[in-house]
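Consider the two complexes below, in which chain A is the common component and chain B and chain C are the respective partners.
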Partner chain A sequence: MSGGLKNAVALCLAIAALYGMRLSTPLYSEIVSPVAVPGVQGKPAKTARFVMGIVKVYLAQELTAPGLGGTRTYTTSGRWLVIEAAAKASNESIALTSAQWRGPDGIRYAMTRRLSTTPGLLGSERLEPGIPRPILLVFELPENQIEGGTLLIAESALAPLSEQLQITMTPIEAANIHPSITIERGGHILPWKLEFQ
Partner chain B sequence: MANEQRRSLRQRLFAILIAGIGSAAASVISYAAAIYHAANPAPLRTAATGEMIDTGQWHITIAGARISNKPPTGIKPTEPQTFLLVDFEADNRSAASTFIPSALFSFDPTIPELPEPTIYLVRDRWIAGPVNPRMPEKLTAAWQLPQDYAPPPELRLLVGSQIYKERDNLYGASNWFDREPVAAVELDLPDAGAEARR
Partner chain C sequence: MTSEYPNTRKHYWICLVLLLVLIPAAILMHSRGAFIEWIAQASHEPITIERGKSQPYAGGNWRLVDLSPLPGRLPDTNVLLAELEIAIDDPVRIKQALPCSIWLIDKDGRRWEPAFLSEPVVRQMRPDAVGKPHCFNLPEIARAGTVQMVETFLIPHDAEGLALSVSMTGEQPLRLLLE
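Presenting the complex of A and B:
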């Protein structure tokens, strides 16, 4: 009788242990996911291969930008988030190609592809070590996913185990919220120029 | 001693027999069920235009179809071409911006030599990028019809489905996968033929 009880207890323990191991096994996507490097807005955030700083963040309902065959106005059902940033490579020349916005609900929004020909957009130029370059990031977001968001920047969205900057963003100042923003071709240093209405 | 040994052997044989019968019955039932379901597929739901279809990853609402000699950009191609345009609204229900899957739409019966559709964003009248979650967008799927194909006045559009696998069968990675159609939509092409070759 005591032998049977012992067997039953051992069986239950084994099942519990197996279930615990099953629950705690990380997903393959988690094992090869990028290595998070935390950062905050207002300070330069640094990974082993590049440094990035957020300069200014704007919000608009409408965006006008140079497109194929003339200037186009881009409407959205949410809001346009325009981020002016600067980045610099550390040791060798690299290209930053992946930018995502993680909303407070954990939903990931890719950088918009609607403004493909705007000068200075992330991914349009390579970064050289020691030469800071201005970078423009544009996201199309629903209103409730803007405050409390995190900016995720990486060299590539597909490279596993590479570093990804995760910059915690502060709420946008009221002075930087506009009905409409016009992006124009800029000068020698800053490749774009923003005009507000 | 010998008697006891024989009894324990008999017990073990009995246990093996029970386990064998059980597992054989389980596999027979599972195969039979699979064969039965393959032989008697559930009838495909027919959705009307304007009715929301839940495909798993997307909520799709088909608005209608038309035949045109221009793609949704409005720029007429230099060589005369015929386009089959299906207007729809898509709401991304997943947790990340995603392109409309190319296997989302198919036709029954299939149109021979039909290329993959190009998805256009109605807002921009330009090729659509990934659709953001919680931001439903109006889109147009455009198929360039083969030159010698005369579109019929009615078409049956099948809307595919997707399932989410937390661990896929190959790598154990999380991803969305295309599955068989969940709904059919009967589309009228009022201007088939007439406007097409204008």
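Presenting the complex of A and C:
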């Protein structure tokens, strides 16, 4: 092989190597994104700072919930996903404030803000070590983004490199799919009650 | 090889030792003091004070008067009422050291933050404690004299070996552990 050809091959290899490195270099947003902690529905999922378990998942076309001016009914062109869960802080008092639903297409949906005064919603109560507390999560989702979705829970959506629970959700049982769900105020232990129609 | 480059091995070890010195030095430089601050915080033992005794700290004498457990509104929980007394002799220093943070710590190292609002059980069983200032009220109440403070914590029944940790930002890494 002549010297010129050798140089050309070496140059091509170097360009290919640089291109490969360029493609495989993570973006800054990926480097500082939350650290994923995998979990599955049905088993308690644990990070270094909190433990969480999914109790029940419901689906409805219509949601009725208490608000500031009285009870209101919320309709949607998609579906309401209502998740009953329980969580506990591990070593120090914390507040869980970030919940997202990642659909099968990778699209992320924040928890709905239409029900801001509903009792027991994630973020409404601080978690204390040794005291498990029920948590209610409500998402408004397109129908095709529900099955095969993942629930993402973190202390804050803005804290880089903090842990984020990524709970793989199982398909919703037919018995838990309803035309309408009513959320009512509960007691001290369970701050809400669900009624189905 | 050894005869051709007699100092190769020596240079290798010198470079290795230099790396061991330079890499931590680079980390130290880039942390801009935060690393040293973290080491100082982590390695500093708190000033431990026995129940009923007082300790000078941040311009005042701090004393834990009582830790009273009250029944919690949730199953297997207690509401712990912590009563503190501060004899303030230097209000300027205490104001300069603000803000203050208070935690309840148990023997397993679990830490509870004070509750935002007074628990209903405090109003029922200890009405004298309602309305007393909290740690976050110190900017308004820090003047020469004795101040009574209360904090409430929601804790599980199994929490044992409880102590109150008091830390003033301006006095760090010094902090009090009132047993």
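In this section, the second predicted complex is superposed on the first by the 196 of 197 C-alpha atoms of A that agree within 3 Å, B and C clash if a C-alpha of one lies under 4 Å from a C-alpha of the other, contacts with A are read in each partner's own complex, and residues count from 1 in each chain.
Just so it is clear, a contact is a pair of C-beta atoms (placed from the backbone, for glycine too) under 8 Å apart; a residue touches a chain by one contact, two chains touch by 3 or more.
Not measured: the values here are computed from a predicted model.
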Chain B versus chain C as contact partner of A:Ile107, first or second or both or neither: first
First (chain B), second (chain C), both or neither touched by A:Ser2: neither
First (chain B), second (chain C), both or neither touched by A:Ser29: first
First, second, both or neither for A:His188, with chain B first and chain C second: second
Touching partner for A:Tyr74 - first (chain B), second (chain C), both, neither: first
Which superposed partner A:Ser93 touches (first chain B, second chain C, both, neither): second
First (chain B), second (chain C), both or neither touched by A:Arg126: second
Dominant toucher of chain A (residue count), chain B or chain C: B
Touched partner set for A:Glu140, first chain B, second chain C, both or neither: first
Shared contact residues on chain A - chain B and chain C: none
Touching residues on chain A, where the partner in the complex is chain B: 27-29, 32, 68, 72, 74-78, 106-110, 112-114, 140-142, 145
Complex interface listing, chain A residues touching chain C: 91-93, 126, 128-131, 188-189
Residues on chain B engaged by chain A in the complex (per definition of touch): 95-97, 121, 123-124, 126, 129-130, 132-137, 166-167, 171-175
Contact set on chain C toward chain A in their complex: 73-77, 103, 109-113, 116, 154-156, 158-159
